[in-house]
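Both of the next two complexes hold chain A, though its partner changes from chain B to chain C.
Let's look at the complex of A and B:
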């Protein structure tokens, strides 16, 4: 008991000391924190009242584009990740040798940040929403496929065994033994990624990959805080609405309706 | 087709010198036993006696390390690919935890019993022949489950699920049924209903039933023959009346 507490205290002190050292090394200007906060409030003041500079139509259109980007990426990734996720599962493909490259590929796709993917695709396919869609698709593809592989591997083996004992071949036992178990969870994950894609899609414009972020980064650069406020409010509204709808759909799905 | 040696006129399934061990533990230790056609045989013994491994070796869900399994002159251990799937369809299996497709309705689960006789592609899209649906309904009716045919299996009680599993086995057109602790997770009344259903399969359809049981009492009531297993070997083989509680506790 006492030894464990001692150990905890030692670790706590070590972490604190390291943090202090890191802050000193980075030269964090803690003295600048106060004025910074004051300035932040100043900016908040300059945001009022929000206005659109007569460009509300353009903003709303770019918001629609953002949602469309998220939707396109989710649908493409959701469809493509399904077979990949199944093939990455040990239950479906028992050979570790065959699965390994697929699983590592998924890891690579999802460990690169969406902004980085967007930069890569802007270079590859040019400025615009297509690059953004591709960036989001890559990340979702990796994550959804990996999640599905893991869901499949954790699914109950019972139905599969029951079907195999009835003479089912591998296709049939995967179709009826595994799919009904994992499909609701998978659909729910895809919906969740749609929500997350909307949030990501709003900033991809900063690197030129389409969507409302294009205007956001532009207005930020010229310190047009009132228009920034309008854009942020629009994004907030959209994210909230999509989140609500998607959560409703996911809850219904989990209840099995 | 090979002829079995010395299989006797009535022997349908002949198991010789079956061995299986998992890591260091021996589940089957050179077990030999033969089964006549059309009987209901209870296999009793403690957990770990090898009952479950024995049944799973028969339909090849588990590969034995060595030994022989011959059914009606066919070398079961030599079966590969589609011949193996055919054999599994011919010998049904039901499980303690039912092992049905929880998220499908009862009638679809039963229809899946015909999986081996139907083409894979339409099946993957849940397209079943109308004849299969009618047959599945008949079977559910026979097992007193007509009212539950459209219900998701996971909403059914344990006893009902086990009867759906029996209906699926009947849909397979089984000649022999392996029942691995079929009533171990059921209350006494449901256990009785399920055991009666298995008895019905044997009496009315001539199916040979091999049934793993924990309770000697059930074996006495429903089986023609009782086999006692301990440590992967047969330690008792005879009529239920001969297997007294004393022998059971002493040997098993």
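Let's look at the complex of A and C:
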């Protein structure tokens, strides 16, 4: 008890000291905290009641666009990541030399943020939702391919050995030995990334890549708080509905219906 | 029939989001040129990282913003999770309120919080710290309340039976059971927040993101690639460190 308590106290003090250093280093205006909170409540007050300024139709369509962007990106990434993920797996491509660039490419695609990808694609394909779709696709491509490679490498070896003993070639042993094992998990991951895409898609509009973020950032810029509140409520509603549907689909999938 | 409906929905989503292979095909070369333009030519390699001192300092600021945001957010999330967990909540309506607050906090993107906080608290790192904290609170609060719902009731019941009040039962009965999970989630959140904090810099809360955004906007091509490389390296290093720490917690 004593030793564990001592250790806890030491860690607590270290965290406290580092926190104080961080606040000092960043020059956090802690005195501005009080007035800021007051101002925040003022803003919250100005959000009531939420209204749409007669543009509810436009807002709802931009939400549909957001969901469409997320879905299109999920489908594209889900299809494209499949062969890439297989090629990145040691079971399928034993040569480390061939696999390494692919794995690193996936890592880079993942570690660049969606907003940055969106800026790049706005440059390439112009303003609009397509740039957002491509940005989401790049991120998901990296993540899904990596996850698939790992699932394949962790799949049980038994079926593959059986097939090879029966004279199957490499392609056949992958097709009938590994794919049936990894497909359900892969589909479930793709669905999960659909949920995550919806969240990301809501903000891509800030850099002009389509979706409801276009209006959200615009209304924030002109401090139109009532319409901001409407947009945030619409986002909340959509995210909740999509999460519920996708969770239901994933559960059904896991139960194998 | 179901297949046809699914295909129709996917086709509709492609149409609404203006997916166009030929635009991608004609646009890719210009994107390639852009990316190539940001890379240093062979003779310029020496001057490529010219700003490294300034950039490393800004990167450190970004990491500190992520640290403070994660710390505040995870503590607030931990606190709220005791009210949100269905099995230990002190009252039904308190539970409903806590769950709705956490849901709101994790659904609204941190960028939106940051945009609002910049107006309330002014430009600068404070808005960034608070935005990251609020979002982390939502995520960690949800995860911890899930953990609490799977704890053993024994220790809590024992404490309550021997006269402990709700706070004491939570502190000595429930908290120790979820502590390892909480620490590991917080570390993971720190990784997420380092990425997020390098992006919310775009809107003027300081750190490396702001510098990157300025470089992109002013077409200082080579700085863009230099800063992106630094961010990617820092994120990878922090991921490794945090993964190591999480494995130690699990052991």
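Convention: the second predicted complex is superposed on the first by the 241 of 257 C-alpha atoms of A that agree within 3 Å, B and C clash if a C-alpha of one lies under 4 Å from a C-alpha of the other, contacts with A are read in each partner's own complex, and residues count from 1 in each chain.
Please note the rule applied: a residue touches a chain if its C-beta (ideal position, glycine included) is under 8 Å from a C-beta of that chain, and two chains touch if they have at least 3 such contacts.
Computed from a prediction, not measured in an experiment: that's the story for all the values here.
Asker: Does the superposition put A:158 against chain B (first), chain C (second), both, or neither?
Answerer: Touch status of A:158: first partner only.
Asker: Looking only at contacts as defined up top, I'd like to know whether chain B or chain C touches more of chain A.
Answerer: Tallying touched residues of chain A, the top partner is C.
Asker: So, A:133: does it touch chain B (first), chain C (second), both, or neither?
Answerer: In the superposition, A:133 touches chain C alone.
Asker: Applying the touch criterion given at the start, work out whether A:29 contacts chain B, chain C, both or neither, answering first, second, both or neither.
Answerer: second
Asker: Examine A:116 and indicate which partner it touches, taking first as chain B and second as chain C; both and neither are also allowed.
Answerer: second
Asker: Of the two partner chains, chain B (first) and chain C (second), which one does A:90 touch, if any: first, second, both, or neither?
Answerer: In the superposition, A:90 touches no partner, neither chain B nor chain C.
Asker: Is A:105 in contact with chain B, with chain C, with both, or with neither (first, second, both, neither)?
Answerer: A:105 sits against neither chain B nor chain C.
Asker: Under the stated touch criterion, which partner chain does A:168 make contact with: chain B (first), chain C (second), both, or neither?
Answerer: first
Asker: Regarding the shared-chain residue A:181, is it in contact with chain B (first), chain C (second), both, or neither?
Answerer: first
Asker: Output check: A:50 vs chain B and chain C. Expected answer is one of first, second, both, neither. What do you get?
Answerer: neither
Asker: Need the overlap of the two footprints on chain A, from chain B and from chain C, as residue ranges.
Answerer: On chain A, the chain B and chain C contacts do not overlap at all.
Asker: What residues on chain A touch chain C, complex-wise?
Answerer: Interface residues on the chain A side: 15, 18-19, 22-23, 25-29, 32-33, 36-37, 39-40, 43, 64-65, 67-69, 71-72, 75-76, 107-108, 111-113, 115-116, 119-121, 123-126, 128-130, 132-134, 199-200, 202-203, 206, 210, 216-217, 220, 223, 228, 232, 235-236, 239-240.
Asker: Which bits of chain B are touching chain A when the two form their complex?
Answerer: 59, 61, 82, 85-90, 92-93, 95, 97-104, 112-113, 115-116, 120, 123-124, 152, 165, 168-169, 172
Asker: Where on chain C is chain A touching in the complex?
Answerer: For chain C paired with chain A, touching residues are 9-10, 12-20, 23-24, 27-28, 30-31, 34-35, 60-61, 64-65, 67-68, 71, 103-104, 107-109, 111-112, 115-117, 119-122, 124-126, 129, 195, 198-199, 202-203, 206, 212, 216, 228, 232, 235-236.
Asker: Which stretch or stretches of chain A touch chain B in the complex?
Answerer: 158-159, 161-169, 171-172, 175-177, 180-181, 184, 256
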